[in-house]
Structure formats: structure tokens, C-alpha cells
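Below are two complexes that have chain A in common, paired first with chain B and then with chain C.
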Partner chain A sequence: MLIGASERDFITKGVESGIRADGRGPLDFRQFFLETGMITQASGSCRATIDFGTDVLAGVKVQVGDIEGRVDSDEAQADGAMVEDAGAGDDAETGAQSRGNVGRVVCTVECSPAAKSVLDAREVDDMCNEYSQILTRTLNGPHGGLDLQKLCIIPGSTCWVVNVDVLILDYGGNVLDTIFMAVRGALHNTRLPKATVEQTDGHFEFDISDDETEILAGRESVPVAMTLSKIGTSRIVDSTPLEALCSAAQVTVFVNRAGNVCGLQKSGKGSLEPSILIDMIETGVKLGTELAEKLDAVLDREERDRLSHIEPTGFR
Partner chain B sequence: MDRKRIAGPEKSVVPLPAPAPPVNPQTARPDKRRRDQIRSLYTKTGSVTQANGSAYVEAGNIKVLCAVYGPRQSSSKNSSSNTGTLQCDFKYAPFSGGKRRGYAKDDQEKEFSLVLEQALTPAVRLEQYPKSTIQAFVLVLENDGSLASLAAAISCAALALANAGIEMNDLVTACAAGYFGSAVCLDPTLDEEAVQSGAVLLSYMPVLNEVTHLIQTGEIAPAQCVQAVELCIGACSQIHTVTQEALLAE
Partner chain C sequence: MLEISLPPRAQARRAGTAADGDDDDDVDMGGAGDRQLVTPGETITTDPAFMRGHGTFTHEQALVASVAGVVERVNKLVSVRPLKSRYNGEIGDVVVGRITELGPKRWKVDIKGRQDAVLLLSSINLPGGVQRRKSESDELQMRSFFAEGDLVSAEVQSFFQDGGASLQTRNIKYGKLRNGSLVMVHSAQIKRSKSHFIVLSCGVDVVLGVNGYVWVSKHVPITPEMESDPEGLYSNQNEPMTESERETIARVCNVIAALGRQNCEIHESAIVYAYDASLDYAVKELLKVPVQEAIVSQASALLRQAATQ
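After this line comes the complex of A and B, so read on.
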């Protein structure tokens, strides 16, 4: 996508004086919609839509898998040292020991061909890979919220693997925040089948029930993403595609409901002054905590609808 | 599968090391560094003779090599652009870590390539190179802490770009830090990385006072996060004096 010099100037000067083309203030979000559970084949699903913009569908599929590092305990170190394992902060166990009894989350972000044509093909590939890595890094670990130790079925050998697949259906700016909303919704909506483990003369056997009944432990502490884009000398949230083109640098702050920072990621090809950066982090934390509360209210309502057997409306 | 290379056994297993004494950087770091002390640095430019510019950086056990080629003509597809492009390629050597890595780039290396690009682009005056591409190839020969290696790769690539005579606004440097309970330690090694609860990577242009990249993982209070950022900025300025000297020594 390209933008003309005069339009760029118009948007930049507007943002600097606190005005945006669609009438929002610098720190106002567009209205968003969240709907969960409309893909019945998935263990959990959620569609997050921003008004007249980005549309993201996240599906969760759980499967039984081998615990990572069962063959090779060094794998977590060599493969993704940035992906902290769940026990890393645990004082009682060293990293290597606790690595044997945690499940994992595997995330992929894909861009549907319908949304692809807006952007350059290489850009899309880079973007999807970047977002997949961010998701995997943010969700695998104590900061991701999910209790990965509860995903362990047989210590040292078998665990649940939570596959989170995200599909970008439409591109209308602020994709990363929308992805995290959809993922948070889908994880909230996920039900695991109950696994019962029996120990018969020294070795374990497990049985998986047909009904999906168990919720994911820690689903309420999954962080939300809050991206602030620097345009000119000011910063805005929830940028539209045109605003995104005017922004040289973005900072995404991942915040959980407790108001703690669970991750930071700068993107874009510009630079930031440290004082602006710190201001963006603090603003992001404040807005992110508010967003998490808002999302929780929506998800609680969806949960009540589910319990009272109100069918999801499906794709609008 | 790549049939041109001699294939090793299909599945290999790393021998389990004897249990090492537990690392606790909160009390004492294994290599006796202070918490706010980075590894000692060695830098050299021009180590790849056939490239337009190159640099080698050694920080403790980390060894990183970078070669820069270009500016050369962009491929016909995006040649109409009035600014140049910087392409970065990040690769771990197969023998660089505990487990052997494949020759093909994996997802982590692809992401690190993008991080390099984002960290270096703000410094390069790409408007001076219309219709051209500058390529930087970074090879990590030895990895001792993945974020620390990436930080060394950023500093090394910036040095190689300067060695190639590419016009830049400033020399980018980068530094990593790890969270250990309530303590923040600079430049964690692989052993320390295994017990950390989170980490920060920051790249910085010391003369312009601008941050070019930032990644943070791990749950932490906002105040401590700001403290880690400030600590990294200080360390980046220290690295800057070393890399600058390497350029002056040319």
C-alpha cells in the first residue's frame, strides 16, 4: 500500500494536534465485537471484529502429544531460548526438572487470500511469521497466564498440546491487538476432554473422555496486546491502515488483568526517544488493563449465554 | 531433505550433562560478573575480505560474524522505490548451540532476521540509496544466551555496515538483560537464561539518543520494566565506545 505525501502530511499534522480522520481522540479504540464458540468442530473459537476493519478468527484444537524435551532435555534451550518454560521462575524446581511436566501452546498466524491482496506478498509472510512468534513467545510461559503444568497428563511423557490457529480474514489496521483479543476469547471458550490417569504396576495409562468439559486453567490471566503507534511527535492507539502507513514505529505492550507487563515488542522501521518509549509503555499498561476488563465483561456474557444454551449467532 | 550434503543419523540425542550446580544470578553470577556488568568485548572490522564491509564481535563465548554486500541494484520488482532497502539475514551456525541446527532457516532465525532489519533500518540513511539494496549476513558461530547473541549480532551488523561505508546516522548497539526474581542482570549467559523469569533486548543509537528496537518477555511490574530499559540504555552506550574505537583503529 502506498500513501501520497499530502495525505501523510494531513494525517501527521492531525494526530499532532489530537485530531483523527474518523473523529476519534488519540487514545480511543474503535468499537469491537467478539463472538465465541461458533466453530463447533474446534475445542474453542472466537472471532474478533473491529468496526469496518480488521476481522480475525482464532480456533483452538487440543491434542495429546509428547512432552517437549522428553528425548532431549536440552531442546527448549536450543530451540527457543526466548520461549521461557513454565517452571523457569519457580524457585522450588530448576528449569530442567520442571521442563518434564508442562504442556505447550503452539501458535500459527495465517493471512487469508481475501485479506492478502491489500499488502505485498513478502510483507504478509513476514507479518504472519512475526505474529506467530510473538504469540508463541507470549503464551508459552508463566507470563502467558495459562497454567501449563495443568496441561501435563503423565509427567515426563505425555501432555496436552494446545494448537492456536489464527486466520486474518480482513485487514483494517491494528491486527496484532485484534489477534490477541481473538486468541484470548478462543482460549476462554476452550473446553478440554477430561483425562484420567491410572497407574498399573509401575506404568501409567490414561483415558480421555468423549465430552469436552474442562476449562483451561489460568485463562483469565492471558494478556491482551495494546499497540501504540508513533506518528509525528504524538502517539495513537488502534491505527487504521492509512495511519499505520504514516507511523514509523510501534510499541506493543502485553498486559494482563493484574496490570503487569507480560511482554513488549517494538516493530516498524523507525526509532523512539527513551522518554517517549517509557511514556508509551506506561500509557499502554493503563489502556491495556482497561481493555482486559472490557474483554472480560464480554467473555463473561458469552459464557453465560453458553451455559443457558443460547446458540451463537454465527457469522454476521 | 538436502541430498547434496552428507546426512547424519536421522535422529541424534545430546548426551545428558552431569548435573551442574544450580545457577542463581541473584546471589552470584557464574562468571563472577556484577549484575550491571556486560561481558568483555572484542571487535574487529574487515574480517571477510571479499565483502564490501564486515565485522567480527566476540563477547565472552559469543562469536558473531557479519558481512555486508551492496549497495547493489534492487531486483526489478521493487526497483521503483526512491529509498533503498536493507535486507538482513540471521543464521546460527549448525554447531553454535547445544543441539545441532539445520542449514535451512527456522522460524526463530527468520524472526531474528526481521528484528535485525527493524533495529538497523532507523540508523541507515536509506534515502541516499534509491533503487538499491544493502544486504547484511550475520552468522552466529557460538551462541551463549540467545538474546545476548542477537544483541551481539545487531552491534556486529552495525559495525559491518559502517565498515562498508554505508551512510548512517549513528552506530547502533544492543544489549540484553534478564529478570531473576527482583533482580535485573545484564547480558545473561545460556546457563543464566535457563533460570530467568523474563528478558529484555534493547537496541539503541547512543549519539542520537533513540531506541531502535525493544523486545521484552516475562511478567513484570511496569516500574521494573522501565528500570531494565534504562539499565540496557546505559550498557549500550558502553558498547558504543568499544565499537567506535574499532572503527577509529581501521
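After this line comes the complex of A and C, so read on.
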């Protein structure tokens, strides 16, 4: 995508004076739309849209898998170490124990050709890889919200693998925040088949129920993303594609409903002064908590509608 | 202002007020009077007497639509005019485009057509007198006239063999666009008319590109001196702007975007009526769909009223 020098100047000065090109203030959002459960084949699904902008579809599919082998357990060890650093109060023994009995989340982000036409092909690949990694890291991390230990079926051998597949259907700026909204919605919507484990003379056997399901433990503490873009000397939320081109640096704050910072990501080539960085994080936490609350309200209503058998409209 | 809600269609459906053609069977797809709407793959006729035109193909002796649109018949020739298509230029069209590439003595300009248009170095006004020969130094400093990403308004001058458009900016009203922002609508919404350069009474200039790009900017009067001013013609400097001017530009942008999203034709009086209707709302409220619907319906009522008088 291209932008002219005078357009860049107009947008930058507009942001600095507090009036963006579409009349919004620096901390105003476009309208978000969200619906869950439209993919019947998936364990959980959600579509999040910004009005006439970004359109993201997330699907969750759970499958039974092996607990990761030796090589990967190093990573799990690193995660375990981080939990201890974070003062979770685990002693070394439980940390070692937990390594063999956690499930995992595998995330991929893909971009549909319709959205690709707006962006450069190479940019799209980089963007998808980056977002897949951010998602995987955040959800598997110590502050990812989901209770990974509850995903374990047989300690040391079998667990649930939660596959999160995200498809970017349209690009209109602020993609990462929309992806996290969609993923959070899809995880909230996910139903895990109930697995019962029986132990007969040292042997573990498990049975997966056909009709009994359970929700994902810890789904309510999955973080949301709140990206703030620095333009000129000011910062904005929910940037449009043209604003994204004018932005020197972005800070994404991952916040859960309790208002705890679960992660921080800086992207873009520009630099950030300490003062604006602190301001961006504080604003991000405040708005992120608000977003998580409002998202929960919508998701709770979706849950109620689901229980009263109101079918999602989806793409119809 | 942070709102998350169900998509409008889902809202209507769950509220049980699905009015906007919720199911296919309450939409009469064919035979609505003389206008026949078709979707891709739909059989238009099985009569072998008809000839296949644009937007159609033959499949097992039947004439089938390849695009969604309106069936048009000229004698025996049947074609489908698409509801939505890329911009098809005509000579004399005023277009707004974005420079994408620099080539030998030419710029490539994205005008939302099937291929990029070409703006030749010989088709622009060079600084320092209109009637001047192009020199080699002009060729070397092409990027100082138009660089990649710059927006220009231009006129379609001619077409090449392959259908690509050749543009020209040899008039003071064409050229580099400054002091404002771009709104994109469908090219079908902007009809060719006498005036594509509109000066609104609120101090905003609008350039209606027939290709669906609309430029909204602060009003800067054209003076004869500007024509000979080499710096001014291709400068990237915006004029200083007050907050209220910025807000007015944003309002006009949002009004045009609202007209675009409500599938209205966009011309001077539509913009003026919709702008007047929008004054009851704050600028950022114009991003909300119900507000857009309200101002557009008010504007179209006024337009109909004006048409009957």
C-alpha cells in the first residue's frame, strides 16, 4: 500500500490536533461486530468484524494428541521457569511434574486472497507468521488464561491439542486486536468432549464421550490485545490502513479481564520515548480491560442464546 | 466510545424482525418487470436465437450469466451489465488516482481500473510556463513532480491498444492533491456530469473522480499566479489548518462514505443535502450505521422533493 507525502502530513497533524481523518478522537474505536458458533464442524468459532474494515474468522478444533516429546519439553521447561519467576509459588518439584501433564494450543493465522490484494504479498506472509507466533506464545504462556493442565488426559502421554485457526477475510487496519477478539470468542464458544480416564492395573485407558461436553477451563481469563499506534507525537487506537502507514511504532498490550498485563509487544521501525511508552501501556491497560469486559458481556449473551437454541446467522 | 455488538443481520434475525430479505425465497430474483437480475451461473435463456454478449457464456445450449448483474438486450445480443465492476474509463472522464510507479517519461497511476493508467511526462504542466519544451532535466527530476503514493486528479485523454488509459493534467484544476483526504466509493455511484469539481459552502472542495475515488480538501482558491508558480504546482506542503476546518473535512468525508455505503448516487446536491442533515450529529457519530441511514434517507427525501418541483 502506498501513501502520499501530503496525505501523511494531513493524517499526522490531524492526530496531533486530536481530530482524525474520519472525525474520531485519538482513543475512539470503530464499531465492532462479533458473532460466535457459526461453524458447525468446529469445536468453537467466532467471527469478529470492524465496521467496513477488518474481518477475521477464528475456528477452534480440539483433538487428542501426544504430550510433547523430549525436544519440546525444553520449551515447556522454559515456560515452567517463567511461571516460577512470576511468583506463582510453585516449587521446583511441582514445576517438574507439570511439564509432563499439560495440553497445548497450536495457532495458525492465514490471510484470504481478498485481503491479500490490498497488501503486498511478502508483507502478508510476514504478518501471518508474526501473528501466528504471537498467538501461540500468548496462549501457551504462563498468562495465556487457559488452564493447560486441565487439557491433560493421561499424564505423560495423552492430552488435548487445541488448534486455533484464524483466517483474515478482509484487511482494514487493527488486525491483531480483531484476531484476539475472534480467538477469545472462539475459545469461549469451544466445547471439549468429556474424557474419562480409567486405571486398570497400572494401565491408563480413556474414553471420549459423544454427547457430554465441557467448556475450556480458564476461558474467561484469556487476554485481549489493545494496540496503540504512535503517530507524530501522539498515539491512537484502532488505526485505519492509512493511519497504520503513518505510524512509526506500535505497542500492543495484552490484558485480561482483571486488568493484568499478560504481555507486551512493540512493533514498527520507529522509536518510543519512555514517557510516551508509559502512557501507551497505561492507556492500553485501561482500554484493554474495558474491551475485555464488553467482550465478555457479548460472549455471555451469545452463551445464553446458544443455550436457548438460537442459531447463529453466520454467513447467511 | 467502544462498542461490540452482533452484526446487523444477526441482530435483525434474532429480534425476529428480519426484514432485509432474510431468506432467498422472499426475493424475486427474476422477471421484475423489464429488469432481469441474474447471478453467476444462472440461465438467462435457452433460446438458441440469442447471441452471447459481455458477462455471459454458453453452456449446453443455454445462455448463462458469468457475473451478477442486470440483463440487457439489444436485438438478439444478450449481455449482463455487472452490478459491481472495476472502473471502465471513457475519454474526458475526471478521475482521481494514486501514482504507483515511475517509468521512462511516464507515471503509472492506479485508477481502480483493470490496469493502471499512464500519465506521460508530456501530458503534465511543467513549472515555468505551459508552453515549454521538455528537457532531459525534467525527465531526471520526475519524482519531484509526482512520487509514488501521491494522489492526482486528471482527465482521461485517450486509450492505448490494450485498453489502458492515458491521462493528462494540463490544466490548473488537475494535478497533485493536497490538504485533505480520500474517500473510496463504487465507481458506479458517480455519474459523469458537468461538475466534478465542487466547492461546498462550508469551505470544502470535493473532486468526484468517476472511478470512485473522491478527494475532499480544504478550499484553496485558484489564482492566476499559481499557474506560473513552479514551487506551488507540485509542492507536498499542506496549508495550515484549524481544528474546525479539519472537522468539516472529516464531516464531508463521512457524509460521502455514508452515501456510498447506503448505495446512493453521489453528486453535488446529494452531498449538500446529506451534509445539512448530518449537522444534527457529531462527526464521529456519522460512522454508525443507524445515523448513516437517517441522514441518507433525509437527503434522498429532499432530493425527491427537489426533483418534483
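Going forward, the second predicted complex is superposed on the first by the 288 of 316 C-alpha atoms of A that agree within 3 Å, B and C clash if a C-alpha of one lies under 4 Å from a C-alpha of the other, contacts with A are read in each partner's own complex, and residues count from 1 in each chain.
Just so it is clear, contacts are C-beta pairs under 8 Å (C-beta built on N, C-alpha and C of every residue); 3 or more make two chains touch, one makes a residue touch a chain.
All figures in this text were calculated on a predicted structure; none of them were measured in a lab.
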First (chain B), second (chain C), both or neither touched by A:307: neither
First, second, both or neither for A:24, with chain B first and chain C second: second
Which of chain B and chain C A:278 touches, first, second, both or neither: first
Partner chain in contact with A:7 - chain B first, chain C second, else both or neither: second
Complex contacts: residues of chain A adjacent to chain B: 71-75, 77-82, 84, 88-89, 91, 94-96, 126, 129-130, 132-133, 137-138, 141-143, 248-249, 251, 256, 259-274, 277-278, 281-282, 285
Chain A-touching residues of chain C, taken from the complex the two chains share: 1-10, 13-14, 98-100, 147-151, 176-182, 236-238, 241, 243, 246-247, 250-251, 253-254, 257, 261, 282-284, 286-289
Contact set on chain B toward chain A in their complex: 11, 13-14, 16, 22, 97-99, 101, 107-108, 110-111, 114, 117-118, 121-123, 145-147, 181, 190, 193-200, 205, 208-222, 225-226, 229-230, 233
Sites on chain A touched by chain C in the complex: 2-7, 9-11, 13-14, 17-25, 28-35, 47, 49, 51-52, 181, 242, 287, 290-291, 294-295, 297-298, 305, 310, 312-313, 316
